[in-house]
Every structure is written in structure tokens, then in C-alpha cells.
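Each of the next two complexes has subunit A plus one other chain: subunit B in the first, subunit C in the second.
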Partner chain A sequence: MTERLADFYGTYQSTIGYIGLNGLLALSVYTTLSCGQLALGNAGFMAIGAYAAVLLTMEAHVPFGLSLLAGTLLPALVAVPLGLPVLRLKGVFLAIATIGFGEVVRLSLVNSEAVNGAQGIVAIPQKTSVGLIFAALALAVALLGRLKGSKWGFALEAIREDEPAARTMGIPTGAYKLSMLALGAALAGLAGALEAHFTFMVAPNGFGFDRVVDMLVFAVVGGSGVVFGPVVGAAFLTLLPEVLREVAPMVGIEPGPLRMAVDGLVLLLVILFLPNGIVSLAGVIRARRSGRRPAGGTESTR
Partner chain B sequence: MTLLALDTLAKAFGGVRAVDGVSFDVKAGEVHGLIGPNGAGKTTVINLVSGLLRPDGGKIRLEGLEIQALAPHRITACGIARTFQSIRLFPDLSARDNVLVGRHLLRHPSLLARLLGLPSAAAEQREAEEAAAELLRRVGLGGRQGERGGNLSYGEQRRVEIARALASAPKLLLLDEPTAGMNPVEVEAVAELIRKVASEGHAVLLVEHNVRLVMNVCHRITVLNFGRVIAEGSPAEVGAHPDVVAAYLGHAA
Partner chain C sequence: MGQQIINGLFLGSIYALFALGYTLVFGVLDILNLAHAAIFMLATFAALALVTTFHFPIFLALPAAVLFAGLVGIVLERVAFRPLRSRADSNISGLISSLAVATILEAVALEVWGPNISRFPIGTLSDARVAIPGGVVSRLQLTIIAVAVVMFLALTWLLTRTRIGREVRAVAESPRAARVLGVNVDRVIASTFFLSSALGGAAGVLFGLAFNSISPDMGRSVELKGLAVIILGGMGSMPGAVLAGFLLGLTEVFVVAHLGASWRDAVSFAGLFLILVLRPQGLLGAAGAREA
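This part shows the complex of A and B:
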């Protein structure tokens, strides 16, 4: 039994690790979404975190913990001067500006000989364990979960629902938005630093626009209204290709195209029928049932 | 004692001088009415005082302190809170949580204590929730605390908005047409609430279309027309002022 478990783990270790990494990345988008800001520079922050940590590990030979810390803090520091001007933008304009930032980071790395350009850096010592990834994820979920329902959590919800009204409530909306951008950057940077020491290599093309779209889709599919929503979304969409790989030969379609089609279908279905994400599924079903049963018990208001 | 002083306040939108050299005072503890025909500049004055708009010229002083250049959240910190003409509750938050947001400035929990889940943070949270519940009771909504903002009736939403504004313990409360769309019974209830709020020591600047309400609850009234003050005084004085009659009813032939 334990042998088979070990076998299973050996085969799927990478997938399990990626569930955690993608969970962190989904949370990094959730932080800004929680105050209503569609900021999509997280692939750039992730790249900064990854490269900073890798260079510290391989060139400066600092302890791994220190590399991780630097990979977390540096993107947050970069987020501040970036956020001061771009957070004045709203909606899709903020999204475009932050995507632009991500591309600037990626292209700078491509054109930088010092970090091996488009080839990237290989033979990074593997220092990240699956346990460490999930410890980081658990910590992030716990911290973000604690904010919910607190003074700060309510301030974020107020900003998301009506920013001018929130300002007249005495909430310094600019400071809140900047803090959440920096927090998201830190989470993305941490995920980048962990990933680089998990997969032996980093390359600029791993931090392209498609990466941040993935993060956003994780958060939207899982549900960005609650902390564990993005984590569930990330787990679901990370496991889906593994399942499809098994299913694809049976239906006679290549796994690659099938994956894209199913991903798109899932996103469409969630947006249409579960606007609050997969995590709201149980609540929706319960509401349907109690709606059909006229004599059913009263729903609690909370 | 003068609480709020507007000094030749001006604001133009393109070529329209919405507020054109407006000066008047609001005294501590009084209910001050701001009336005038549609487009007279009443809401613009409220937006200027609350900081959502920056004046082109003139000064706004609260207890002698110039506030016209401050950000809205700083103005709230100075002691001014407001409601909106079109209700702007947070629809997905409960009535109590809406009021809790309004209490933002009075709350000083420790972030570390909250993140570590210490009892001191829980105690602060309970205290704030109790204060919010008490405010809802004050506006007559004690039994509706858990209801989603968006599910409340129109009149109830107005009351929650007033409770939310009061939650910052303002010296001055700006009410922008609090009875818009209400029936006479609801209007009378709001009048009662405004008197109560004033008796508890909050000055009120009331923008209203309902002339009877204004005449009933205001100690003093300022009348605007085309962005200028055309009359000021007690309800009786203003009601008898020929320019006011002309602005509302048109000139006698």
C-alpha cells in the first residue's frame, strides 16, 4: 500500500507541486481583485522573484531561505513605484498598463546577456519541496483569510463596490490599492522563487502574457469572492489536463487541443452559470432545492 | 459658533458656473437647509465640501481649518460625513457591515493581533460590531442588521446610509436629498430622525427638494439659484423673500 502511494507520488509529484504554486499565483491576482482592481502584471512580478532568488542562490550562494525572502520582497518593492502612477487608471486601462509592465520585464530578461537572455538559466539546484510549497500556500490563505471581515477586509470590499463612497467613509483608497498590489506582487514573486527551485530552470518565456491569463482564469473559475476560491480553481484547472491526458486517446483527440477546448468551455460555463466560481456551487444547489420546497427550512441570512 | 464656513466658493463645469461665489456658514448643532431649483448647484456644494470635487476658487473652513484642498478621506477624518442623492450602499454587505465600514476611522485594531487571531482583535471586532448595531437601532433598524444592503427597502436603505455616515462620529452631516422618492409617512420619519441627530450634537447640512420638510426641521436656510446665494435666514424669512418666491414660482406678471 505505502509502496503504491510512493509510486503515485513519484509520478505526480510535479503536478501536486504545481497545484500549490498555481494556488499561490491565483491568490496573487485575488489580492488586487479583492479591492476591484484588474492588475495583470503578476507574470512580471513572478519573473522578478524567480530571477532574484535564482541569482542569489547560484551566484551569491546565500541560504535558500534568504533567496526566497528576497524573491518575495523585491517584487513588492518594485510594485510601489509602478503602482503609484498606474493605480490611477481604472478597469481595462489598468489591465493594459500592468500587462505592459509584465512584457517590459520579460523582454528585458530576453535581452539581458547577464542572465543568459532567452535561453534562461538552467541547472538550478532543486531546493523547493512539495511540503514547502503547501506551507507557503497555507500561510497565504491563512493571512488573507484573517483579513476578511476585519476593518481592512471591509475597507477592501467597500473599495471594490464603490470607490468614491469608500473615500467619503474615510478610507484612504489609494494606500489600500497600493498595499494589495504590493502584496500580490510578493505572492507572485514567492511563487516564482519556489518554482525556479522546483523545476531546475527559469526562462523569460515562462513569464509571458499567457501565464497571467492562467492566473486570472484560476481565480475566476474558482471564485474570487472568498480566499479559498482561487486555490480551488487552481487545483481544478491544474488537475484537468492530467485527466484529459488519460481521456484524450479514448475520444481520439490530441491532448493539447482538447485541453484548450475544455479550459475554454469550463471558463464559459462558470461565467455563465456560476459567476461566483466553483466554490459557490454547493450554495447555488442548496438555494435551488430550498426554493423548490415551499415548506423547506428558512435560510440563515448570513 | 461657526462650524463650517464657505467663502466665495466657485466651481465651473465647462462653461457652466455650477457654483458661483457661494458664501454661507453652518453653525455647530444647527440643521441648515440648502434649497433651490433644479440645477441651482446644491449637490455641487455638497460634493465640494466632502472633497469629491475640488473648487476652482474660494475656501472651505471647518472650525477655522482650510479643507478645500484635502482628499475626501482626510475631510471625513476632520469630521464631515455625507449621504448620497442616489443611494450608494454597498449592496452585497449586510446593513450592519455597511455601518461597520462607516466606522473605519474610529477603529484602531492591531493588524498583527488580527493576523495571529489574538483575543484583543476579536474584542475590538465585537466592540465595533456592537457600536454598528447600536447605530442601526438609533435609526430604527435594530431588527434588520443581517439583511443584505441590496435587499432593504428604499426607505431602509436611506436610513442605513445615514447610520453609516453617523458611524464616523461627524461634527457635520451632509444629507443630499434624504427623502427623494419617499412617501409622506417616510418623509415624516426622516424629519424626526434629522431632529434627533441634531439634538445629539451633529450639525446637519440638508439639501432637499421637499420644501415642507425643510421649513419644518431647519433652523436656518440658504437658497441657491444658478450657483449664487439669493436668500438666507430663518424658514419664515426665506419663505417670505420675494426672490425665493420668484425662483420657485416665476416672476409675477
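This part shows the complex of A and C:
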């Protein structure tokens, strides 16, 4: 039994690790979503964290803990001067500006000979264990969970619901938004640093626009109203391709397109019918059964 | 020099067409339609299928593919945008649902045509060359610039001189006021999506003809560049999108010629980023309209 368990773990170790890494990344988008801001620069922050940690490990030979710390703090420090001008933008403008930032980071790395350009850095020592990934994830969930019930959390909620009103009530909205951007950057950087020491390699094209789209999709599918929603979404969507790979031959569709189609369909159904994510599914079903309309506006009120 | 200017104008006309459709939807609905690039791609495959399977000449396949793109746009609006319109966060949820549709469309193209690069058969368009002062350009490039200019003029005429154009502008100003004045808002929004997607589809077919390299992910790079163009031009501003499209095309050609190909995209995104930070209203956008 234990042997089969070890076998299973050996086969799926990388998938299990990625459930944790994607959970961290989903939470990094959740931080800004929790105050109503759609900031999509996290692939860039992740790249900064990954490259900083890798260079410290491989060039400066510092202990791994210190690399991780630098990979977490540096993106947060970058987020502050970035956020000061950019967070004045609203809605999709903030999204576009931060996408632009992410692309600038990626393309700068592609054009930097010092970090081996588009090829990236390979043969990074493997220092990240699956246990470490989940410890980091647990820490992030605990931190964000604590935040939610606190005065800080209520301020974020007020900003999300009505920013001008929150400002009128004396909440320093700019400072709150900036600190959530920095916190998200730190989480993305941590995930990047962990991932680089988990997969032996980093390359700029791993940090493109589609990466941050993935993070957003994890958070939205899981549900961005509660802390564990993004984690559930990341786990669900990381496991889905594994299941689909088994299913693909049966339905006669290539695994690649099938995975994309199902991903897209899940996202569409969630945004149309479960705006609070799959974690709200049980509640919605219960509400349907008892004949009430589900909370959260799944039915349009026209 | 003359050659590079033509190359830049030619690339720019494709960017401008693409961005015009993008910015049209934004101007009317304040939402970013991330499926625009998928329609760009799908229209190109439609034209390819018409040319290879049904042996259409390209001058018939192009309008047919553009019409097809417009119809896909109407379906897209029904599926991904209309159900969300009454939500408070419709600009963010609409962005996400359009992303979902884009993923599904790309998956369909991947399943039908495969991940490899498809090409128009040789002889679809003449590859004759024309001498201009300072270089040689292909007739194809000049044709593409001409098609783009005709489409800009047609769109301008449509929006300023026709009833549906006036209705589109009324809805862009205020959907509620337009409804009170008897405008059928749902129909106007559907028409807007038809127009927008048709423009995106036209850009796609021209792009496919120009570079003769068609793949399910061909929309991705254009998608982000289209964003740069509409921001640079000022979101919702159609003359701005055209101007910025040509500007980006020319800039890219000159960056490639003088700095090297790998800097091409970096320059456009750095420009995008600086514009948003320093002059968020864009080149021709109205100030104070950044609250979407």
C-alpha cells in the first residue's frame, strides 16, 4: 500500500507541486481583486522574483532561504514605484497598464544577454520540495485569512464596493490599494522563486501574458470572494488536464484543444452562472432547492 | 527609406484596422473584448478554407470571411456580453467571459486546422512588384493599404452619415438616454459587435495574406499590440486608433531596421506603459474619461 502510494507520488509529484504554486499565484491576483482592482502585472513580478532568487543561488551562492526572501521582497519593492502612478487608473485601464508592465519585464529579460536572453537559465539546483510549497501556501492563506476579518479587511471591502465612498469615510484608499499590490507582487515573486528551484529552469517566455491570464482564471473560477476560493480554483484547473488526458482518446479529440475548450467552457459557465466561483456551488444548489434565489446575482434582474 | 515607409504604413494599416474594431466596442460599451483577436484568427482560417476547399478567388473570399467574422461577433455578444450587462462589475466580468470565448474559439481552430502554420496556396494573389522612389514594394502591400483606407472611409461614413451610425454614437454617449429616445439598444449593440468583428476579421485576412502564416495562436501578439494602439490613440477614439496604428507600424519597422528585431515589441510596450502613466487619455482621447 505504502509502495503504491509512493509510486503515485512519484508520478504526480510535479502536478501536486503545481497545485500549490498555482494556488500561490491565484492568491497573488486575489489580493488586488479583494479591493476591486484588476491588476495583471503578476507574471512580471513572478519573473522578477524568479530571476532574483536564481541569480542569488547560482551566482552569489547564498543560502536558499535568503534567495527566497529576496525573491519575495524585491517584487514588492518594485510594486511601490509602479503602483504610485498606475493605481490612479481604474478598471480596464489599470489592467492594460499592468499587462504593459509585465510585457516590459518579459521583453527586457529576452533582450538581456547577462541572463541568457530568450533561452533563460537552466540547471538550477532543485531546492524546492513539495512540502515547502505547501508550507508557503498555508502561510499565505493564513495571512490573507487573518486580514479578511480585520479592520484592514473591512476597509478593502469598502474600497471594492464603492471607492469614492470609502475615501469620503476617511479610508486612505491609495495606501490600501498600494499595499495590496505589493503583497500580491510578493506572493507572485515567492511563487516564481519556488518554481525556478522546482523545475530547474527559468525562461522569459514562461512569464508572458497567458501566464497572468491563467492566474486570473484560477482566482475567478475558484471564487474571489473568499480566501480559499482561488486555491480551490487553482487545484481544480491544475488537475483538470490530468483527467482530460485520460478522457481525450475516448472522445477522439486531441488533448491540447480539448483542454483549452474545457478550460474556456468552465470559465464561461462560472462567470455566467456562478459569479462567486465554484466554492459557491454548494450554496447555490442549496438555495435553489429551498426555492430561494441564490445570493450574488446569478440571475439578472432586468 | 521610401521602402521602409511603405512597409510601416502597410503593417500600420493592419494594426489600425484591428484596433478600430477593438476601440469601437470599447467606445460604445466600455468593455474590453478579449475575443477580438480570436475572431481575427478565425476569419483568416475562414478565408483560407474558402480559397483552398471551395476555390473562391480571394476577392470573394475576403468579403465572405469579413461577413462571417461579423456574424461570429453577434454570437459572441449574445453569449458572453449580453447576459452580464446588468451586473455592476460588467466591465471586468465581460473581459473574463470574452477571454473564455477566445479560448474556446482557439481550441476549435486548433482541433480543426492543427497547431502548424497553414498558408494560402501560391498564386492566391499576384506577387508583382512595383518600383517606388527609394525601393521596391509588392502590389500586395499596396492593395492591403488601399483596402484598409477604403474600410476606414466606409466606417467613417457609416458612423457619421447613417441612421445606425447615429444610433451607435447615441448609445456610446448614454445607453439610458438612447433607450428613452426610442433607440433599440440591444440591436445597436449587436450591430456594433458586427462592425467591430468584421473589421477585426478584415485585419486578420489581410494579415494572413501579407505574412502568409496562419496559425491558431496568430491573434495573440496582435491582441497585445492592439491594446497598445488603442491606448496610444485614446480609448474609444477612432481617428486616434488609426493614427496610432500607423504610428506603431512605422515605429516597429524603424526599430527593426535600426535596433534589431528583438527590440520591436519592447519598444511598443514601453511606449504603452509610458503613455498610460504620463498621458492616460492617449493622443486623441478626451481628458477625464479614464473612469471606466
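To be clear about the criterion, the second predicted complex is superposed on the first by the 291 of 302 C-alpha atoms of A that agree within 3 Å, B and C clash if a C-alpha of one lies under 4 Å from a C-alpha of the other, contacts with A are read in each partner's own complex, and residues count from 1 in each chain.
FYI, a contact is a pair of C-beta atoms (placed from the backbone, for glycine too) under 8 Å apart; a residue touches a chain by one contact, two chains touch by 3 or more.
Since we're looking at a predicted model, the values are computed, not measured.
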| item | value |
| --- | --- |
| Touching partner for A:R167 - first (subunit B), second (subunit C), both, neither | first |
| Touched partner set for A:G65, first subunit B, second subunit C, both or neither | neither |
| Which of subunit B and subunit C A:V86 touches, first, second, both or neither | second |
| Partner chain in contact with A:L272 - subunit B first, subunit C second, else both or neither | second |
| Touched subunit A residues, subunit B compared with subunit C | C |
| Partner chain(s) touched by A:V104 [first = subunit B, second = subunit C, both, neither] | second |
| Which of subunit B and subunit C A:G252 touches, first, second, both or neither | neither |
| First (subunit B), second (subunit C), both or neither touched by A:L38 | second |
| Subunit B/subunit C common contact set on subunit A | 301-302 |
| Subunit C contact footprint on subunit A (complex, rising order) | 38, 85-86, 88-93, 95-97, 99-101, 103-104, 107-108, 110-111, 117-118, 209-210, 213, 216-217, 220, 253-254, 256-261, 263-265, 267-268, 271-272, 275, 297, 300-302 |
| Partner subunit B, residues of subunit A touching it in the complex | 143, 146-147, 149-152, 154-155, 157-158, 161-162, 164-173, 301-302 |
| Partner subunit A, residues of subunit B touching it in the complex | 50-52, 71-73, 76-77, 81-82, 84, 88, 90-94, 97, 100-102, 104-105, 107, 109, 111, 114-115, 117, 121, 125, 128, 146-148, 164, 168 |
| Interface residues, subunit C side, partner subunit A - complex | 26, 30-32, 79-80, 83-87, 91-93, 95-97, 99-104, 106-108, 110-111, 115, 220, 224, 227-228, 231, 235, 262-263, 265-266, 269-270, 272-273, 276-277, 280, 290-292 |
